[in-house]
Structures are given as C-alpha cells and as structure tokens.
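A single structure is presented below for examination.
As written, the chain order gives the labels A, B, C and D, with residue 1 at the start of each chain.
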Amino acid sequence: MIIIMDSKATDADIQAVISALDERGYGHHVSRGVERTLIGAIGTPDGEKQAMSDRLMTIPGVERVVAILRPYKLVSREHQEETSTVYIGTAAFGGGHASIIAGPCTVETEKQTLEAARAVKAAGAHCLRGGAFKPRTSPYDFQGLGEDALKILAAARDETGLPVVTEARDVRHVELVARYADAIQLGARNMQNYDLLKSTGEAGIPVILKRGLSATVEEWLKAAEYVAAEGNLNIILCERGIRTFETITRFTLDLAGMVAAKQETHLPIILDPSHATGHHSLVQPMTLAGLAAGGDGVMVEVHPHPDRALCDSIQQLTPRNFEKLMERVGQLAAALGLQLG
Amino acid sequence: MIIIMDSKATDADIQAVISALDERGYGHHVSRGVERTLIGAIGTPDGEKQAMSDRLMTIPGVERVVAILRPYKLVSREHQEETSTVYIGTAAFGGGHASIIAGPCTVETEKQTLEAARAVKAAGAHCLRGGAFKPRTSPYDFQGLGEDALKILAAARDETGLPVVTEARDVRHVELVARYADAIQLGARNMQNYDLLKSTGEAGIPVILKRGLSATVEEWLKAAEYVAAEGNLNIILCERGIRTFETITRFTLDLAGMVAAKQETHLPIILDPSHATGHHSLVQPMTLAGLAAGGDGVMVEVHPHPDRALCDSIQQLTPRNFEKLMERVGQLAAALGLQLG
Amino acid sequence: MIIIMDSKATDADIQAVISALDERGYGHHVSRGVERTLIGAIGTPDGEKQAMSDRLMTIPGVERVVAILRPYKLVSREHQEETSTVYIGTAAFGGGHASIIAGPCTVETEKQTLEAARAVKAAGAHCLRGGAFKPRTSPYDFQGLGEDALKILAAARDETGLPVVTEARDVRHVELVARYADAIQLGARNMQNYDLLKSTGEAGIPVILKRGLSATVEEWLKAAEYVAAEGNLNIILCERGIRTFETITRFTLDLAGMVAAKQETHLPIILDPSHATGHHSLVQPMTLAGLAAGGDGVMVEVHPHPDRALCDSIQQLTPRNFEKLMERVGQLAAALGLQLG
Amino acid sequence: MIIIMDSKATDADIQAVISALDERGYGHHVSRGVERTLIGAIGTPDGEKQAMSDRLMTIPGVERVVAILRPYKLVSREHQEETSTVYIGTAAFGGGHASIIAGPCTVETEKQTLEAARAVKAAGAHCLRGGAFKPRTSPYDFQGLGEDALKILAAARDETGLPVVTEARDVRHVELVARYADAIQLGARNMQNYDLLKSTGEAGIPVILKRGLSATVEEWLKAAEYVAAEGNLNIILCERGIRTFETITRFTLDLAGMVAAKQETHLPIILDPSHATGHHSLVQPMTLAGLAAGGDGVMVEVHPHPDRALCDSIQQLTPRNFEKLMERVGQLAAALGLQLG
C-alpha cells in the first residue's frame, strides 16, 4: 500500500498513519515530496488489506490509499505463469486448445435433448449443455425440470459420448449436479453468491464460472479465487456480456476484457455469444471473433426447433446453422493454428 | 403483445404469426398500415408471455414484439393503488412514514454492537442493523460471526427496544435469521438469487430487498414479485446505488429511479447512502436528498470507532455525526410534513 | 507520479525508468519492497504529465503508473478553498445562495416566451432560460430560431427583469449569444468540444457548463479548466444526468456525484432535473433532493402549454406546477437555511 | 406510432388522443383489448414524430407511445439493401473489402510521420492516419500542429501513395482538412456536434464517423444521417469502444454492437482497437476479432518510437509489431475470403 497524504496534511497526521501501521504490524517508509508526502506500507501482515486500507482513509490528511498487490493469488499469472489447460471429460480448454460446448438452453424433454445432442455431436461439438435449474427473472416463467433434466442429460451423454455441463443455481443443487454432470456451471447472477462458490470449490469437479452482468474483471477473478481457495483449480471462466447502456444487443460482449483478463489469470476463458447477444444472427460472428481474439472455447445454444423452445427462442441456433458455424470455426482454427477439442 | 412486421413481410409471414397465436390460444387483430403491418395478440393465456414473445421473434418477417402488460403483478400499483405501509417491529415505512435504520456494518463484538445500538437509539433511530453473514468480494476477508452475531443483535434489541435487521446470504441462513431478527435483508448481489427470494417469501417476516448493482427498476420489481408470489407482501425495497462508469462514488445512487419505481409499485422504498456512496462525508447530503425526494426511510451505517472497524471504515458515521444527521433529518421532516418512525 | 514495477522487473528495467525520468528533468526515489519496487518521480517539469506517464508504461517491467496530483488546477479547491459565488445578472449561485433558472425548452414564438417569462417571474424564478440553437439528435427535428430567439429572450428580459441564459451550440454562436444573453450555456454533448470551451472562456461572460452524458467528474472539471485557463472563472457547473443502463428515467441524475464534485472544486454546481429525468412528474422530487443535497441552484423547464411544445413536451412543467414547486422550494430552503436568489 | 392507454384511461382520454392526432393530420385506428386500449396513428405527416410522440405523452391516460419507424432513413437498409462500398482514394471499405488505416496518433515532425508512413506502407497498410488537430481532455496537453501537420501528411502521401485520413475538430477546420486530406475523421466526442456534421456533409469528401463514448447504435446512425442529409453518403462508421464500468481496458470495444449496426445500415463499419482498448497488447487480438466478426476495416496507431510519442504511447504499435499484425491479418482474410484493400 502507498498512502498519499493531501497537500495540507500536518506532521501529526503523518504520525497518526505511522502509528496505525505500527499497531497492525506494518513497516513504513516516508517520502516527502514538494507537493505531497507519500508513506509506503511495508510487509503484508496476515488479515485484511482492504479493511486496513479503509481504516487508513479515516485518518485526517489521508487523501488516497493505493493498493500495490492484486487482490487474488491462486488464479493469477504471478502464481502460475503458463496458461492452464482444464478438461471437461476429454474436451480441453486453454493452452492452445479450444472446445465447443453446445446444446439447448433448457432440457425440455428427453426427445428434444437427445435430438439436440445428436445434432451437435454430428456437427463437431465437444460438450453438451442444457439447463436443469433455470434462473428466471420472473417467478411466473418455467424454472426447469430439476433432477429429471439431469437424468436426461446423463442419458444423452451415454448415447453420444459428449461430456455434460449444467448449471447449479443454489448450494442445495451442487451435490446433485456433481453426481450427474461433468462440469458445474455458475450463472452470471450467481457470480457473487459466495456460499455457492465455496460449495462448488469443495465439490472438486470442473467449474464454468460466468462473469457477472456488472462485474469488473478484478471482481470476476476474486470470485474465481473463492473456488480456488477451496482447492479446486479446474475453473473455466466464461465471458457472457456485461450490462451497458446499449440495448441493441441483450448485453455487451466484452472480448477485449476477456483478452485483458487472460493477461491477468492463467485460467482458460471461453465465451457465450448466445446469452451475450440474445440473437441467433449474432452468434456466428461473435464466435469467430471470440476465437480470433484468443478465446479458449465457446458455449453456444442449439435447439432442434427454436420456434418452439420453452425459453430464449431468439438466441438458439438451429442444427443446420450450428453446422454452418462449425464449418467456419474449422476454417478459422486452421488459419490461426488453434487446436479444436 | 403487439407484433410489428418488417416492411418486407409477406402475407405468408403474417399468416405464420396468426397460426402461432392461434395454436397457443391467443386471439389476434391485424392492422395494415402504409409502411408496416401490426398484429395485436388478444387474451393472456396462462403460461409464459416472455417465451411466446421470443418464439414469435423467430418467425420470418417479424421485426419486433412489444409487450403491453407489466411483467409483475402483486407488487404493482395496478394491483394496489395506495402505497403500503410496512412495519419492522414498531417502525413504519411508507404511507407518509419514514424510519431510520442505523448500526454497524458488521457485528464485531458484543461491546461494539451495544455501544452502537445505544448511540443510535439515543440519537433517534428506529431500527438497529448489523451484519452477521457478510458477503465479501474476497475469500480472504472477514465473513461475519454468524449465529453469534445474531445473539448479540438480539441482546441489543432487548436492551434498547430497537427492532433488528440483518442479512441472510444464503437459503441456509433464512430460518436462523428469522428466529432472531425482525426483518431479513437481501443484499444487492443476491437480488436475483431466486431460491433465496423464495425461501424468504416463505419465511413470512418483513424483507428488505436491495436493488442489484446492475438491476433495472423492472428487474428489481420482478425480484420482489418472487417474494410476493409466496404470499409475503411485507417487502421494503432499498435503493443502494447502481454500477456506472463514475467511480468518484462507490456506486451511483439513483434517487430519480427510486421515485420512478415508487410510481410503479405500492411497496415502500428506502435508501442506503452508506453503501451507495462509500464515503461518510456523502451520507448526510444523500440522506436529506433521499427523504426530500420522497424516500420512505434510510439505512445508515454507524460504528462507535470507524477507524477500527473490521470493514467499510470509510463509510461508517461516528455516533456524533449520526446525531448531527438526525437533527437535520428532523428539520427536513418537519418542513416537508413527513412523519418519522 | 509513482511508478510501480512488476514482480519480475530486473535492475535493467528499473534503470531504464530512471534514465527516462532523468532525460525529462524529473528526480527520482527508488524504494525496494518485498514484492515490488516503487519509483517516485520527483518534480513536475513543465509539459505533459499524461504523456510522460504513458511513455513510462512502454518500458518493460513497468506495471502501473499512479498519478499523485489532480489534472486540473484553477477550478480545484487546492487552488481556492472557499466556494465561489457566481452571478448571472443579480442571481447568485454558490456560497450559501441558490438560484432558480426557469423557462421553456425552446423559444418558439414571442408570445409563448413572454407568457413563460411572466409566469416563472411571478412564481419566484431568478433567471429565464430558452433555447435559440437547439442540439437535436435527428436532422429532421426543429433546430431553433437562432438570432430571432435571442431577440425574443432579450425582450422578455426587458419586460420581466430576469437575466437570460441560452445555449451556444457552436463557436460561431458564441459572440452572438454573448451579445444578447447574460450567461452562455454549453450543452452536455458539447462538454468536450474544446474549441467551443476556449471561445466561451475568451468571451468572458458567465458560463453554465453541463456535464457530458458519459463524463466522469474528473473529465467535467478538466473541461471547466479549459474555460478557466482563458481567464474566465465565472463558471457554474450543471449536473444533468449521466447515461447508464437504467432507462425508466431518460438519464440517471447523479446527485452524489454532484456533492463529491463540490468537494473537489470551488465552483458552484446546479442541477437540471428536467433533462436528467425526462419526465415532469420527477422534476419536483429531484429539485427538492438536489437542493437538500447542497446544490447551488436548479434549472427547470416551464412551458405555458407543454402539450403543444415543439420539443420535450413530457418534461416541461406547466406554470401552475412550477408555482407549486417554488412553494415547496421555499419551505425547504427555510428549513435548511439556504438563501434563494 | 402506437399509443398504449393505461388500464384506467377513460373514453374522454381516448377521445383527447384522437383529437390531437386529427389536429396534426394523422389518421387513427382504435383497438380495445381486455386490459388496455391501443390507438394506432396512421400516416406520417411531415414534421417531427418525436415531438408528436412527446406531446401525446402529456395527455392523461396515455401510458406509453411506441414508435414503429426508424428515426433515420438514408443510411438504413430499408433505404438501400446492399452494403455500400466507400472508397478513400483507392482503398475500399465494405461489400467484401476491408482496408487497414495506420499511422501515428499525432503528427509530431515530418521525420516521424514519414518514418511511420514508410513502415505502414511496407507492411501493407492501405491508408495513412495522423492527427493535426487533437482533441485533448486537458488544456495543458499538446493540441497538435494544425495546418503544418496537414502539409506533412500531404508530403507523406506524395512519397508513399497512401491516401490520408485526419481529424477535423471544429467547423473551422473542415475546409482546411478537405483541402489536404482524402477523408475527414470526426472524433467520438464530436459525434453529436451537429454543426460539424453538417459542414462535413457539405464538404462532400469521405467521412469517418466515430461512435460517441456513450452513443447507442441508433444515435450513431442518426448522427450519420446528419451527414447523409447534406447529400454526402461517403460515410464510414468507426466503432471505437463505449464507456462502461469496466476500466481494465480504456473503453469497451462493442463488436456485437458493430455487427448489429451493420444489420441496420448499409454503410461500412470499421474499428479502432487502439483507442478502444488503450493498450498495444490488445490491438492484434481485437483487430483479428473485428475482421472475423465482419468489420470492413481497421484503424491502427503505429509510431516509429512509441516510447517517445507526444501522446498515447501505450496504445501505439511499433513498426515491427504492425508487420506481425499484418501477417496475421493476411492469414485470417485468406481463411475467411475477405478482400484486403
């Protein structure tokens, strides 16, 4: 931490900062400039840096406290320099590998899910997705089939060999989802559901952690740190759009933020162009853009009959359009030297 | 719903929309204009309007679907015209009454909490707040004392008579919090934790529902509808700032949004200037502003020694500053004809 | 400036920073911590701090450069501690005084403008506003009457005695507006029109500088610095809402940002609840809120017949509603010890 | 327009809407539903739709007015279905062609500019950029060399054959810039400088119109309409990032918004990854992403010695890195069937 004193800070103010640092076990180093005095806090005693920074801010004459170290450790590139490769079943994410996760928004029936699974498998997808516990903004909307959906997904895996990804919406779902699925997805609105993060960390299976609608990259990595701190580093981050003033797309897909995040963390990052844009016509351009930018995979919604889907009809691709998408993905991957799957 | 066809829509496209409406039990009314054909969907069959709207959007020639009805019912002014008055213990919120909730960010010790409780009681507060289960952005920060904190809060109520408000962070806390506290608070990051909303609705005690960092007023009211749909209408909404590009304050307190929300819902709305601004020097001006705008109460953080607090030192008022605040609040309330408590 | 080196910076990297500082005339002070080396740049050679900071960022091993000093001078409280009082004619803004500016969005006819002027004068307003050069988002919308409008405004001043405020949209309007009006308004979309800022600074008459839709407080004050740098410190800032994801109001009125800005600058700040909210029903609550928060005045749109206005019908008050507003403003000002006019 | 009456609207309210429509020359069509009455306004009398919509909103019982038609014409795909190809000199943008514009942020000296021009030419760029009139957020920063810079750019064109693009910051620069350059750039902060838009429209030479920091796609297209309405359809739009809460990049590059905008307009759209991200390490990934998404070109900052640049050191590429970028661009274009230049 660097404590920046304001231009009117007195010697007594400076001394008060030093005493506060002493009391908590920090060393200090004072540097008196022409217009400002700076105090460097030395050492990082155990406990809470944020709280200490806040406390210092209450001392008269303190203008600002600048943090020097990052607020996450295990997920940072300082902790591990090379990019991690995380596996969901046999599908690899990161370290030059990109995998495609595809399937319906929601598991509606066994027939619909199997149809989708076969179609995405045939087109070259590496994992199957499908919602069992749906987070819905209205209590009057369809909330998912729960465990029945999990059984259907497991059956689809048995038939197609595709590893299965599905969302846990609540701590009470974690164990259940872990029993059936190959990876647990945590939704954007749950990115800061800390109890759910911890439970998922404890469960130990691969986690797909979506970025919150209004989460900074730093907060996203701090959320991942909650999972990592439980000993689970099988984490794949997923950029799914942030909320901005622009409404022509449902959210604003932040690909530059994804790349900047990859410079900070060794964890692989994929993107979800379906939820980010909310429109099927934008899924192919954004998939290609995301992979060209260096994304480690893509999650795409595919439904055998989008016009009859129980939710998110607009953003789901038909099997035919997914096939076309995979063709273009293949061309792009070849040109860029990216390994699929 | 109104379905707006694009300028190149064919008769077959229009017919496809009509068939889709028929199939789901809607009537229809076609209006052919010079530049666009509009189709009004008549009736509101049970089930999901959003899903139907999305499905219609997949039909060729459909440019846009405009919803006519609001996506929430029980909390709307269409359902109940007059503003509700909700009570936490004896403190009234709404319908011309405004109450002040005050206390420390976190319950740290019995001594600290009792000291805060006595001070805010003496200065005229109507409820006591204090965190037992703290949602923290970093796993390495202090997470609260849990049930011990609840016992301390109950003791503070016994001594001061102040009703007690505290946060439940997870479904597993709801029953526990309901046993000790007079109202359950749901945090901004949990506004769309749907399972928690339902549990809290079922618990039946008063709920303070904070607005999510990036939640629109519409989404906030839909979240409240989750609680209401379980039969619990003892809901107080709390504006606590939204996330914007501006960082001179921690969040952007949206007072105009609060007033606009009050035009939509009969539920009372309070504000939390401490979390919204993140700085003690902004708490008094924003408290006065919020009450002048028509807010039904305020939640303010007060700590006997902010410079030693375990979290949020910068935003907590000293007892002396809270006393000054309450004096100004009294003058304002008198001038505006607002009943405190 | 403090240069924070990354954890892998070598001695050669550190030396490169020192050389770069030397070359530009800065002194330096190196502080080697356990995890990071910090380099303090000493002295502030003439020229561009931002450019220097950017250049240092290109040196390998530099993680971050933290600015110590504020990027504006003349408008800051470091330059002048006490709040300025700025006058438009006889109306005072700041230093315990708040004035009310009222009038139609646009000057449409002499009759309409005089009717509005008489009404706002009778209700107690201190200045008259009215648009002559309108910035419109569509080229097909009414763009204002230009110099004819300026003449009408001058006639209204002659009759009512109210000083007149109107907008200059372009450098070519500045001289003209200065000839007729008592203050020049610069619109939100022109906040970073630097040539216009300079021209207005040179013109020397009072300026109302609206905050840009997406301007941070820091950028707003830097824009004011452009005017001040030309020797004109008769600047009144005007908070008029920022663009956020929330659309229930047209913009998000940032009252906490206004108060935080007042802690940074000695310039008075008023608010424009009409444009910020876009709805007449929100004007009164936000006016009261803004004054309760410490605003130095309010600009309100009033039209004799809003239902016939050539623009912004929704947000303009009727004379009757403005009268009611002024009554409440009087009560509030009395309670808070605020001097009107 | 569709006028949606609220659930309590009376027959008199409905009649008032009809009278207002009649008076202004609109036909009408009333549709009484179970919960709401809708009134369709028929015909589009000349004049201002937005003003009419606003006026209707002042009538009691009117809940909402929904616009049916887009607020821009000449630039829309309804007006022209196929994508336009716009030329700057010989460089083509749109219709399957993408061109690369490269050069320094600012023209500093003849030597620096020629060095940059030769380097980008050698690496395969199609146009040269360089700032003569710089919009700077601080009055104390370097503001550009003005006409001297224009002469240097012209000299660089003479030597390399690259067409030249440079910014006009003010109406007074338009004629001058048009005399020396092959295209006029309008900056993000000037996107709603309507007088500048008109002047540039009148000048008739190709225009690069950057998206405003907080402009919606709709507002961006309305700004382009200002240029088009003067008879100039040689418009290239440029996505350069919008302002959001995320600060790890300077702005948030909105590639999905770019693709959505291309569905609305026939104008070509390019991107500026240098200004959008603010960091050279993000320029290559975002260039590839933008072209993969369907962008019609890229504008990239290249400086012979970024560490000595007078501004924006961090985001400018070295000639060597630009060369690498162009290699990757070549591979990508080949894979996607995109014609460069």
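As a convention for this text, contacts are C-beta pairs under 8 Å (C-beta built on N, C-alpha and C of every residue); 3 or more make two chains touch, one makes a residue touch a chain.
Fair warning: this is a prediction, and the values are worked out from it, not measured in the lab.
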Minimum number of chain-to-chain touching steps separating subunit C from subunit D: 1
Most distant chain from subunit A by Cα centroid: C
Same vs different contact residues, subunit B with subunit D, by half of numbers used: same
Geometric centre distance via CA averages, subunit C-subunit B, whole Å: 31
Centroid distance [mean C-alpha coordinates] between subunit C and subunit A, Å: 38
Sites on subunit C at which at least two other chains make contact: 214, 243-245, 247
Touch list for subunit B against partner subunit C, complex: 214, 216-218, 241-242, 244-249, 252-257, 259-261, 263-264, 273, 276-277, 279, 281-282, 285-286, 288-294, 328, 331-332, 334-336
Subunit C-facing residues of subunit D, complex: 20, 48, 50-51, 54-55, 57-59, 71-72, 135-143, 169-172, 189-190, 192-196, 198, 212-214, 219, 222-223, 225-226, 229, 243, 280, 306-314
Subunit B residues within the subunit D interface of the complex: 2, 4, 7, 29, 31, 33-36, 38, 40, 42-44, 66, 68-69, 78, 243-245, 247
